[in-house]
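Input: one structure, supplied below.
Labels for the chains are A, B, C, D, E and F, by order of writing; each one numbers its residues from 1.
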Amino acid sequence: MKIVDHFIKESMCYDGSQIQPLWALDKMGIKGSSVVSWMGPMEIDPLKIIDVEDVGLEIKSDKMIHFIVEHFDCQPTNIKLCYHRQRILVMILKDELSKWGVESTRSGDDIFVGDGKLTVSIATISPTSMKIHLGVNLTSNGTPEDVETIGILETGKINESDLFKIVKKVSQSYINEIKSIETDISKTRSF
Amino acid sequence: MKIVDHFIKESMCYDGSQIQPLWALDKMGIKGSSVVSWMGPMEIDPLKIIDVEDVGLEIKSDKMIHFIVEHFDCQPTNIKLCYHRQRILVMILKDELSKWGVESTRSGDDIFVGDGKLTVSIATISPTSMKIHLGVNLTSNGTPEDVETIGILETGKINESDLFKIVKKVSQSYINEIKSIETDISKTRSF
Amino acid sequence: MKIVDHFIKESMCYDGSQIQPLWALDKMGIKGSSVVSWMGPMEIDPLKIIDVEDVGLEIKSDKMIHFIVEHFDCQPTNIKLCYHRQRILVMILKDELSKWGVESTRSGDDIFVGDGKLTVSIATISPTSMKIHLGVNLTSNGTPEDVETIGILETGKINESDLFKIVKKVSQSYINEIKSIETDISKTRSF
Amino acid sequence: MKIVDHFIKESMCYDGSQIQPLWALDKMGIKGSSVVSWMGPMEIDPLKIIDVEDVGLEIKSDKMIHFIVEHFDCQPTNIKLCYHRQRILVMILKDELSKWGVESTRSGDDIFVGDGKLTVSIATISPTSMKIHLGVNLTSNGTPEDVETIGILETGKINESDLFKIVKKVSQSYINEIKSIETDISKTRSF
Amino acid sequence: MKIVDHFIKESMCYDGSQIQPLWALDKMGIKGSSVVSWMGPMEIDPLKIIDVEDVGLEIKSDKMIHFIVEHFDCQPTNIKLCYHRQRILVMILKDELSKWGVESTRSGDDIFVGDGKLTVSIATISPTSMKIHLGVNLTSNGTPEDVETIGILETGKINESDLFKIVKKVSQSYINEIKSIETDISKTRSF
Amino acid sequence: MKIVDHFIKESMCYDGSQIQPLWALDKMGIKGSSVVSWMGPMEIDPLKIIDVEDVGLEIKSDKMIHFIVEHFDCQPTNIKLCYHRQRILVMILKDELSKWGVESTRSGDDIFVGDGKLTVSIATISPTSMKIHLGVNLTSNGTPEDVETIGILETGKINESDLFKIVKKVSQSYINEIKSIETDISKTRSF
């Protein structure tokens, strides 16, 4: 199983279109399963909100790291499996932040530093692929006023020059995790 | 979705029989999905080894914490999903250890403290349920001579009196995680 | 597995929008699997017809009991399983009517009292949930002229004041049935 | 989808071997999905008990109607779907008995006449087929002493000469039900 | 499992609408799984293109044989299984052409005679059915200028009067193949 | 998706043990999905017969090419998908033989040259992997007396020195086919 790891150098706004199936192929010619990452703001088109409980809320931030994951390896697609992968991605991010000295807590798919919400995330499926979005605030600028937020650059532990390393580490660790599961399956006796 | 959290007070040897489907119902009358935990040695009956690469190896330890997880909520059962849950369980354990000051590294389903292997784990399925075993060394006594191992009581951070709290915390966090995924599924729009 | 049983006191028209995925969460904040019931007319927006063979037909009635069922417990979703649940729901309704002295016959998902059609029903799925609608005529008023119909209030056995009891009994029996299946799965040996 | 309906004229003991996958092909050359029925005693080999909660119990009766159902149409096989089909089979039997004047109550997969248990049933799967056994007491002779049982010949409504008609009606109604679900699937719009 | 084999005598343009789920039922009243075939041009509405890599390309031909396959027998639907069936359909066509003296090569779902592309094909799914389109050029008239194409009437081996026989043979062979797989499943022991 | 292509140089008897799950890992250390091929006799241990209709028959041949395929990429495993892959493997073999001037006919998973049966094949699954065996007679020596058989060396078109090329070509074409399906999935829009 190959999973493409692609970082987009240009800034791009996460507007919710990127969670649609086949976006990476359609917009960038990336074939097969992939983890695409970039930095840029978030302002989600209300019509593209996936979480019903978020409808009517502002979901935005001026600068974030974004990860968009797409998997084609599970047919039929399975929202339950997709949310397990989302949790693994979020836990890998939390673990990576810890290596930089940023201690955080996690509740489901949300990471907090102190009382500040650091991340947003969603998973969804179409009949042929599974998708995950994970956004990590760089600063709290432009985030909704009614939510206490924090950015990783505001933790005092991580500099702008570290960001690319963190993105690469998270993407690679996630890809390796999914691959290691494939390997484990093929050596397992069943009942 | 209800998942029973059951701690067995008596010491019991993990001999590989506990990974069999319906063990918790058969031996303890526990109905439905469950996380069963206890402390005791491990000495696996060679005929009950699940990992083909472990055949012929000694897999043993004098004193461990054991978790046996069984899930009936995914029909048809799916070894891929089961290994994702195993990873989440192992990551929750790593996270919990970190709260006690024990820093560790993880490679797939193995946790290491320094160069010492702390855990063993396997996942498997039958046509009707999914099972996970996670064993955590308390000491390195009785572990195979050709593997460098460590026990959590040897880290200097955790005492015997803390063990039950850790077991409960890991079981509860895992159960809450799986439940939170159920909740997230029911608020997600698909394509 | 928890299934919410919710009765809406206000009259509401079944117009086909209620069969859409996540309707109960979106409109009423009901989280997770649910059986929602209410009384009111039916007049289905032609664009929201699920049964291709019904396209172009009038599907309406002045007063009905409506059940809308949504299940998130089967991932991936499965239209075959959903139709089995629909049949079970319809059979439970038939059984309940029999307890009130109303003898009926069933053909697939249709219940008849004498030659009069008493019910309409459909099942469908999205990639993340399974949905069922069951509508039961209270009277034959406002039903299509080219179909012989009957309402349960026209059987002479059931009064307006009994309706709520019947609705609750059907919803509860259905929920218990699905739960009892979960229980049975977890005590079953496989080959 | 073709489902063979086969009645075995000779008496045969249900000993639990008939619930094994491919039994109908192996012993009688019946290819594909089938409902096989016959009359005879039941005495289950303890090693062939499928319900873990029945282990150690006597499960026997001197004379029963037996139905053994096998389905190959669901791949991958699914114990949840199989139990839904079992419920539908049991509900069809209850409905048929009612037509003969035998009023009964149902709890899960058990039918009772008054306080007497009339039936036993189990469902199970292998990786390639789904199986159901339904046994209906003709008399209470030879049933376990610690359970109150009844046979349909003891209801005073059904004679020995009616039994074949009932068996055929139940088998045919069940087969038609499953086929009607197939038909409904192919006219259903999804989201 | 019944699969309807239906040939439409009138010419009809393949415009991409025929790949939509339930088209055969909606437009022709064909219930259940089916192989529908006809002859006519192809000019695909750009909004109905299924293959993302074809977006922006001309996909057209003046005269083709078209096959539209729809399957309801796999629930949940599975794009992977659907593409396996597409390959089998294409291989059956290649085999049939060989019987008429037309040697060809195959690469995935494309058949070539010499350097000329003979066919176009796609597979896709909805949550409830699986669909395949296979188009075979009769001539190269009206095909895109930037692709070397060929029609089976240009091979010098096949006449217009042979076409119906070929269509019927391919449809029937495909249907028999899928049915033979059903038969094989029901005689197979598993582990 | 990686699929290992491994040819065993030594002669080995196909006795039915090779169809068991994880055989390639257990006996040869081959990890993950694989196509393993070798030459040697066939004499199947009656207890290891997978096809119920073959029980009690002699299934043997003095010299054959054997292919054993194992797939871990479909979870949950699916006997229907596995038989589709078997058909594709057999069709690829038929196609390859045709390139060497050996014309054959195919009926399900059997290839015939004239009236002589050239091949035997079976597919099966465990809860975690899918397996295929395809055996091709080199000569008719040692085949059952009551079946007309033929070997590819008896066709007069293929020499002993060609065999390895044919084995490699079939294995590689099959692997490429399965990989090309993966690629096609990831560019397909669904409904």
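Methods note: a contact is a pair of C-beta atoms (placed from the backbone, for glycine too) under 8 Å apart; a residue touches a chain by one contact, two chains touch by 3 or more.
What you see is a predicted model; the values in this text were computed from it and never measured.
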Distance in touch steps, counted as few as possible, from chain B out to chain E: 2
Same-site or different-site touching of chain A by its copy chain C, using the half cut: different
Repeat of the C-E interface, chosen from B-C, B-F or A-F (over half of contact pairs identical by residue number): B-F
Contact-richer chain pair [A-F vs A-E]: A-F
Averaged-CA centre spacing for the pair chain B and chain A, given as whole angstrom: 27
Distance from the mean Cα position of chain E to that of chain D, given in whole angstrom: 42
Distance between chain centroids, defined by C-alpha means - chain A, chain D (Å): 50
Chain F, residues touching no fewer than two other chains: 21-22, 25, 52-53, 74-76, 78-81, 124-128, 183, 185, 187-191
Listing of all chain pairs that touch each other, if any do: A-B, A-C, A-E, A-F, B-C, B-D, B-F, C-D, C-E, D-E, D-F, E-F
Residue numbers on chain F that touch chain D, as the complex places them: 52-53, 55, 76-81, 124-127
Partner chain F, residues of chain E touching it in the complex: 20-21, 49-53, 74, 78-81, 83-85, 87-88, 91, 94-95, 98, 106-109, 122-127, 177, 180-181, 183-185, 187-191
Chain F residues touching chain B - in the complex, by the definition given at the top: 22, 25-26, 75-76, 127-128
Interface residues, chain D side, partner chain E - complex: 1-2, 21-22, 25, 31-33, 72-75, 126-129, 182-183, 185-191
